[in-house]
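The two complexes that follow have chain A in common; it is paired with chain B in the first and with chain C in the second.
== the complex of A and B ==
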């Protein structure tokens, strides 16, 4: 928690996972976006992509203010991951289950944001209903194989209730005693 | 693994010539990178391959954040940013009319004069913008 009593949490995950949409879906105020034209249609075919950060803010249960930061998803913006995760109370990793390398992406982001740190992590898996998408169990099993037990939820980042479930779960982990937390 | 997109050989060639002219005519310039808005190196001068990619990504993030701050402040669009450090200056400038959108980052040492650097970078961006207009 910051000096002014607000929590900072970070949404991260690969390009196209829905980080910008998730923050826009739950932010009480108009979110700050740094979307620019996407030239890399080979990696993900969409119009725009985040080059700097996303920012939003919500008040949970009428009293707890939470600052929401979103990272760019591409590896070339890794320096922003370090900047944005500094001082974060927790991390939400979003993954697109319809991507062929979705499990590898999850392992990578859990490793980058979790290794050697005690920061709580919650995982949201999107587009699980699309043809060819992996089931949520596949992600859980892979993490368990690495000795990791993280909360994993299916999520539609356009649905406020879905995104709030991720945030609420993360805040519960943040407030739990450190030795009772699930760790990455 | 991401493969950098192609930005057009002719226009990129023009841009490379413009960077060379910038180097030749402006004291103190030590490196420069032309970058796409989403952080890819288009052309560069005097920067190692890995460093050019990193500088392109960082420059595009700064440009995007600068634009967001300008919009938030109601002053419409960020046109340039100046980082003044102990041993030099970095100017990041939007390239007008370029398609796709681009910015130019120019790094200089203490031998440069800020006014001269801004003037030269602005002229360079104008010429590059013409090359990438179509």
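== the complex of A and C ==
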């Protein structure tokens, strides 16, 4: 929870990993997005991409709100990452296993969002069933090579149950005693 | 400092050379001194998972530690101690120190064949034994009324019918020990990751803790299971969150989570059968009471209720 009492969960990961979809899946209202036309079809072939942030909200007990922020995936918008992740209760990293550099992307996002912090991180790997996709084990082995044992789950962020699994895992890690938090 | 003997079989040349070089670097930094020996004299065996070596077969019938070395994108072995080639010195050091702690905690290791057998854990025991053997292209099977599973000896996958898979996941499928089987696979069987078979058979196989685990030990997770595939309960997530960063006894976990020890035992047994559990009888780090921080404990409860996650 940030100093101003905000409880926020940040969804991050490379372009096309499903951050906007994941937030839309569990947000009370349609998320606010700052999409622009995608002019980087070489990286991921889709019509639009997030330039500033995605924002969703879950109102509980009629007054308190859990804020869901999605970062832009492209490195050129990296300046937003620090701003959005400041004071986050937890980070959910989404990775597309079918992308050729998926493992490198995972290492990169774990490093950027986890280095020197004790914020809980959960990783969702999508499109694991597609031909040429890496197995979940390949991702966890790579992180273990860096001494990290993060929760890494195969998910389909279009499925509400899968997004809820990521969120619930994050909440369990937030609830864990402070000395049992993951340190990246 | 105690000296341990380690034997190496079935590693490819580059991996073997790297290991020999690293062993010299590790000398003086590890918790014990390590010397190379023949497999028959060794305390620990380091073996390539795809090597078909008689020494590995003999080793599989003991309870001595095995460090399985795998590479590429092939599935990770179910054995507790693994290294992914190419590995770094610090990873080797970490595994050797973990092996040393295990050896120090269990000074007298009886051979597997001499240990008393419990029939309710026969399937898990046979799966565990198979995971320590080298692959030679054989297939194993286990049959129960109206259900059968096949396991490749490379542990890359198992095969099962969809109805039997539902029974396995729900705890309604109890299998005898695996046996070699040359029969063809039925057409309607699906290919599944063997981790799933290990997890659910460990979770549901028998009452109490898996017989090869020390009840008074402390436990921690080497890595998280893929709960996306296994579909975790809240209890699974809570225990995994604790055990991923701390080392706890069964009683401490039960006290912390408010769950019965029998539930803790099932989770720990599933982790052990799947090769993701580490145990240590030497240290006893008790967890702090499992309570959400008061500032947002209420918010988390409300959020779960709102999302339909409350249990």
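Note that in this section the second predicted complex is superposed on the first by the 172 of 184 C-alpha atoms of A that agree within 3 Å, B and C clash if a C-alpha of one lies under 4 Å from a C-alpha of the other, contacts with A are read in each partner's own complex, and residues count from 1 in each chain.
One rule holds for everything that comes next: a residue touches a chain if its C-beta (ideal position, glycine included) is under 8 Å from a C-beta of that chain, and two chains touch if they have at least 3 such contacts.
No experiment lies behind these values; they were computed from the predicted model shown.
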item: Partners on chain A (chain B, chain C) - clash or fit; value: fit
item: Touching partner for A:101 - first (chain B), second (chain C), both, neither; value: neither
item: First, second, both or neither for A:53, with chain B first and chain C second; value: first
item: Chain A residues touched by each partner, larger count belonging to chain B or chain C; value: C
item: First, second, both or neither for A:33, with chain B first and chain C second; value: first
item: First (chain B), second (chain C), both or neither touched by A:111; value: neither
item: First, second, both or neither for A:77, with chain B first and chain C second; value: first
item: Minimal inter-chain CA distance - chain C and chain B, angstrom; value: 24
item: Residues of chain A that lie at the interface with chain B and also at the interface with chain C; value: none
item: Of chain A, residues touching chain B in the complex; value: 32-43, 49-53, 72, 74-77, 79-80
item: In the complex, chain C residues that touch chain A; value: 73, 75-76, 84, 87-88, 90-91, 94, 221-224, 226-229, 231-232, 234, 237-238, 240-242, 244-246, 287-293, 295-297, 299-300, 302-309
item: Residues of chain A that touch chain C when the two form their complex; value: 1, 7, 26, 58-61, 64, 66, 89, 124-125, 134-138, 140-141, 144-145, 147, 149-155, 162, 164-165, 167-169, 171-177, 179-182
item: Touching residues on chain B, where the partner in the complex is chain A; value: 2-5, 7, 36-40, 53-54, 56-58, 60-65, 67-68, 72, 100-101
